[in-house]
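Below, chain A partners chain B and then partners chain C, in two separate complexes.
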Partner chain A sequence: MSVHDFWTPFSAGPFVNSLLIGLTLGAIWLLAALGLTIIYGTMGVINMAHGEFIMVGAYFTFMMQSMAGIPWLLCLPLAFIGVAILGWIVERLLIRYLYHRPLDTLLATWGVSLILVQGVRLIFGGEPQYVEVQPAALRESASIAFVHIPWLRIFILGATLALAAGTWAILYKTVYGVRVRAVMQNKEMAASFGINAQNVYGMTFAYGAGLAGVAGAMFGGLKTVFPDMGLGYIVEAFLVVVTGGGHLFGSIYSSAILGELNSVFSYFTNTTFARFVLFVLIVVFLRFFPQGLFPEAKARR
Partner chain B sequence: MNRTGGNLYHNSTAQWLAYIALFGLLAIIPVVGAEPFQLRTFAGYAVFAMLAVSVSMVWGFGGILSLGQGIPYGLAAYCMGATMQMQFQTPDEPIPSFMLTNELEELPGVWKPFWHTHIGLILALGVPTLIMTVFGILMFQARLAGAFVAIMTLAMLNAFYSMAQDLQPFTAGFNGISPPNAFKAFGVEVDPYSPMMYWLALGVLAVVTFASKYMLQSKFGTIVQASRDDAERVRFLGYSVAYYQVVVFVFGGLIASLAGIVWVMIQQYVSPTALETPFSIYMVVWAAVGGRHSLFGAIVAAIVLNYLQTELADISETWQKAWLLILGGIFVAVVLLLPRGLAGAFEYLIGWIPFGGRSAKPAARPEAG
Partner chain C sequence: MLLELRDVNSFYGNTPILRNISFDLDEGQCLAVLGRNGVGKTTLMRTIMGLTTRMTGSLSIAGKDASRMPTYLRSQAGFGYIPQGRGILGKFTVRENIQLGTFARHDRKTSIPPMCLELFPYLAENLAKRAGLLSGGQQQQLAIARALATDPKVLLLDEPTEGIQPNIVQEIERTLHRLNKEVGLTLILTEQHIKVARELADKFIIMDTGRVVAQGPIAELSNDLIEQHLTL
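For the complex of A and B:
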């Protein structure tokens, strides 16, 4: 293995292409991290089952397509609802007993993820399944001059931004959002003003899980669907959340930055080595800025 | 749980006796009679028990939830794999076959030290220790704790996993390194199927456990546990919490490295699976089910859970598939209902047995179980 195999020299066209790919990669990571941001930022729960919620969303979509023939675009909101219900059940049965032991939520949700992965494997088998993206135009690539990007990635970029905007609107423009932010800042004080904090937690967890469901419906179209697929998203999603500081805007910026960095490193070297460099960089960064890129000035738990 | 007399669980003599009984029981397995193949499997359980002890030290007693115990384990395993591979190579044929298929014309520089078995062993312990020291200082000087440490160790683990996969000419990528011959040292060949291998693994486990136990019962161990319970207060008392955390983190890493070395001696194989995320979390599961504040519990849980897994897999394929479902269920139930694991339940139950007289000091070291 000589240096030249490893190191790709700079050339403008492919480099710009990889920058654009990086943007869509950032969108994918943001989509995976969006629900996690809400759950971690609001409740301090480290949801290790988030990747499996994504996986369940993908299987749910696969099932709706293959059994009921529901068009893909309609599957997106249905996957949201389906996985949100699953998330709500998990919160009611398990998470709500663990709010005073935040680190134990990490362990308990890992247990949940084991059950989900193995349950799905028992039902559907281990072989990969495919979600068919419709309309068919989304399966092609956009090619302008030297830029080649699959339309699906562009669609995901747009959908992610729309979901982020929707989440922002819910958090900052509705009464429910005011309640969520009140509970986030001070649970006891919010409760003494008559906000049902338990209820807010349950709904927030369900919402975060629902976002994972939509993500799964889209990732299913992007790659294959298999029981372990959640593992491929969870680490990146956590890093996006932590690097961003655990709130919505932080996650948006950090996913864009991390996606671009990863893409640039991948361009010069290769994807796995880029992953190594990026992860080490993040760890060193977090050592000096544990509050993330955009620390919030507000009182936090 | 402070009834009259005190709890037998906290009696230090009783604790040492329990450990001696456990290891005595495990040691006679080859004498009582076991197939060579079974012995090799049992030796593997000793490795899992070491990993559970390592997690118990770092997390249960040090309060550092590390999801990256696979880092020292995997790195040591790779060093050991390289050492054993080079024992097979001769000066006429210095290049392992997987490197030839990756079109390497000479032995890479990083592989050269492994020509010498003793240097290879030193590297297998030294490299992970060095990395864990640097990583530990990096994290604990910044006073990172809790979820942050968990996520950072997870990220590091994944970084190393990518490297092991990517550096194919050096690590054989996905396929992994499989040294053809058993490990030889001091003129002795350690056959993986022999009672010697089993006793060696068990011996390392015993040494590791007693060293941990000794450490926990010293003043050092008391400060480590105090830092876990209230780091701020320990700082007020003038101790450098970061120092204690780094030491216990590196100590746990050292145990995991030993586990990695023994594992490769048993399996004659190392691949990126050693660095996979789920494996590192399983270590935490074993420690949590046994009781995070109990080395004894961690050892027993690691052995029993893995034994169950193997046995169920032998019954039928359905049981094999159902195992992870069962493990997940056990884990959720333990976290929810028995946060101190089976050892915690045992502590509670045995507390009902009246035990007076030479009661130990439950207030001083309540959890050094």
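For the complex of A and C:
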């Protein structure tokens, strides 16, 4: 392999295209990381089953489509509700007993992820399933001059921004958000002023799981649906959360930066090498900024 | 009788911190909890709020048994808590901190009660300011305003004048006096200053190593008792 095979020279049109692709890639990573961010930022729980919540959301969508014929756009909110209920059950039965034991939550949520993967494999088998994106126009690409981007990715970008904005509004513009942020800052004081922290944790975990569910419904249309698909998203999702510092704005910025970096390196080299460079950059970055881009939110624990 | 504690023991983990605490309080009274550092005054407050690992014995407020209630229900049952160190949420604005108090209200109103702002004009003028930027005295005022926003039956004040500049200490004392004598709020107050306790309180208890060693009407707080339990 010569250097010329490895290195793609700069050319304006395709480069701009890859910048836009990078933006949509960042959106996909952010979508995968949103629920994780909320759960970690609010409760300090590292949810190892988050990728599997995404997977369940995808299967749930597949089921609703193939069995009940529900249109894809309607599947999105339903996947949110379905996986939110699953998350709420997991929190009530398991996580709530482990709040003072972060290592144990790590292990327990990993156990949940194994149960979900094997459970889904038992029910649906290991072969890939497909979610059909509707309306059909979303399956085509937007082509303007030198820009070629699948409409679905643009849809995901918009949906992710809407979900992030909605999450921000709930946290910062509602009375319920005041309760959540009070528990985040000081659980004892929140309880001393009438806030049922258990309840807030349960709802927050359910909400984060629901975000994973809706992510799964969209990712199912992007790629195939199979029991191990969560793994394909969870690594990037964790990178986004860690690099961002564990709160909403950090995740938004870090996903955009990481998506762009990945896309730019992919343009000049190839996707595998880009991922390698990205991981090295993150390791170096965390060496000097272990608290992430916006360390303020971590002063808590 | 508004508040009654009978044989209350309180634990951190399995370690008993308070033993056999009993006292009661009528509506409108002010109780001073006295004692040297580290004898369990703060733990008594935390026990009433349900913030220790567990308690035994009985605690009732307005005839309701609160000894099995989790913290958030106790606050709704009528305890307005002003903790040691003030417990202000620094990232919240002044308004959000007071709003936090309204979550413990019975009527579920989330608007800020006018009395909170009447008592503390500084807070009224700085509602949008981040609470972490306030001075110690201002934070103490905010903590009192937040506890008042819960529409409490009993106000629990843990060292309200500790670490605060003298001119604000007097202001806080005046506020407490007004709340107790004019508004008729019941107060439990831990204090290092005997003078403040004598001015405000109707009753006192003296604690030592987790027990109540003396109690009675404030007139009975003799120099002998002070000599014996409170001087270093």
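Quick note on the criterion: the second predicted complex is superposed on the first by the 298 of 301 C-alpha atoms of A that agree within 3 Å, B and C clash if a C-alpha of one lies under 4 Å from a C-alpha of the other, contacts with A are read in each partner's own complex, and residues count from 1 in each chain.
One rule holds in what follows: a residue touches a chain if its C-beta (ideal position, glycine included) is under 8 Å from a C-beta of that chain, and two chains touch if they have at least 3 such contacts.
These numbers come from a predicted model, not from an experiment.
K.L.:
In the superposed model built on chain A, check whether chain B and chain C fit or clash.
P.N.:
fit
K.L.:
Considering only the touch criterion stated at the top, classify A:Ala12 as touching first (chain B), second (chain C), both, or neither.
P.N.:
In the superposed model, A:Ala12 contacts neither chain B nor chain C.
K.L.:
A:Ile144 contacts which: chain B (first), chain C (second), both, neither?
P.N.:
A:Ile144 contacts neither chain B nor chain C.
K.L.:
Give the label of whichever partner, chain B or chain C, reaches more residues of chain A.
P.N.:
Result: the larger residue contact count on chain A belongs to B.
K.L.:
On the A-aligned overlay, A:Pro102 touches which partner chain: chain B = first, chain C = second, or both, or neither?
P.N.:
The first partner, chain B, only.
K.L.:
Going by the contact rule set out at the top, does A:Gly194 touch chain B (first), chain C (second), both, or neither?
P.N.:
Only chain C; A:Gly194 stays clear of chain B.
K.L.:
Where does A:Ala136 make contact in the superposed view: on chain B (first), on chain C (second), on both, or on neither?
P.N.:
neither
K.L.:
Based on the superposed arrangement, let me know which partner A:Asn270 touches: chain B (first), chain C (second), both, or neither?
P.N.:
Once the two structures are laid over each other on A, A:Asn270 reaches chain B alone.
K.L.:
Put down the vertex angle at chain A formed with chain B and chain C, C-alpha centres only, nearest 10°.
P.N.:
So the C-alpha centres give an angle of 90 degrees.
K.L.:
Please indicate which partner A:Arg179 is in contact with in the superposed arrangement: first for chain B, second for chain C, both, or neither.
P.N.:
Once the two structures are laid over each other on A, A:Arg179 reaches chain C alone.
K.L.:
Can you give the closest approach of chain B to chain C, taken over C-alpha atoms and in whole Å, for the superposition?
P.N.:
Once the two complexes are overlaid, chain B and chain C approach no closer than 14 Å between C-alpha atoms.
K.L.:
What residues on chain A does chain C touch that chain B touches too?
P.N.:
No residue sits in both footprints.
K.L.:
Can you check the complex and tell me which residues of chain A touch chain C?
P.N.:
Within the complex, chain A contacts chain C at residues 175, 178-179, 181-182, 185-186, 188-197.
K.L.:
For a test of understanding, state which residues of chain C touch chain A in their complex under the given definition.
P.N.:
These residues of chain C touch chain A: 49-51, 70-72, 75-76, 81, 83, 87, 89-92, 96, 99-101, 103-105, 110, 146, 150.
K.L.:
Once bound in the complex, which stretches of chain B touch chain A?
P.N.:
65, 102-104, 135, 138-139, 141-142, 144, 146-148, 150-152, 154-156, 158-160, 162-163, 165-166, 169, 277-278, 281, 284-285, 288, 321-325, 327-332, 335-336, 339
K.L.:
Report the residues of chain A in contact with chain B in the complex, numbered from low to high.
P.N.:
Against chain B, the touching part of chain A is residues 1, 44, 46, 94, 97-98, 101-104, 106-108, 110-115, 117-119, 121-122, 231, 235, 238-239, 242, 270, 272-273, 275-276, 279-280, 282-284, 286-288, 290.
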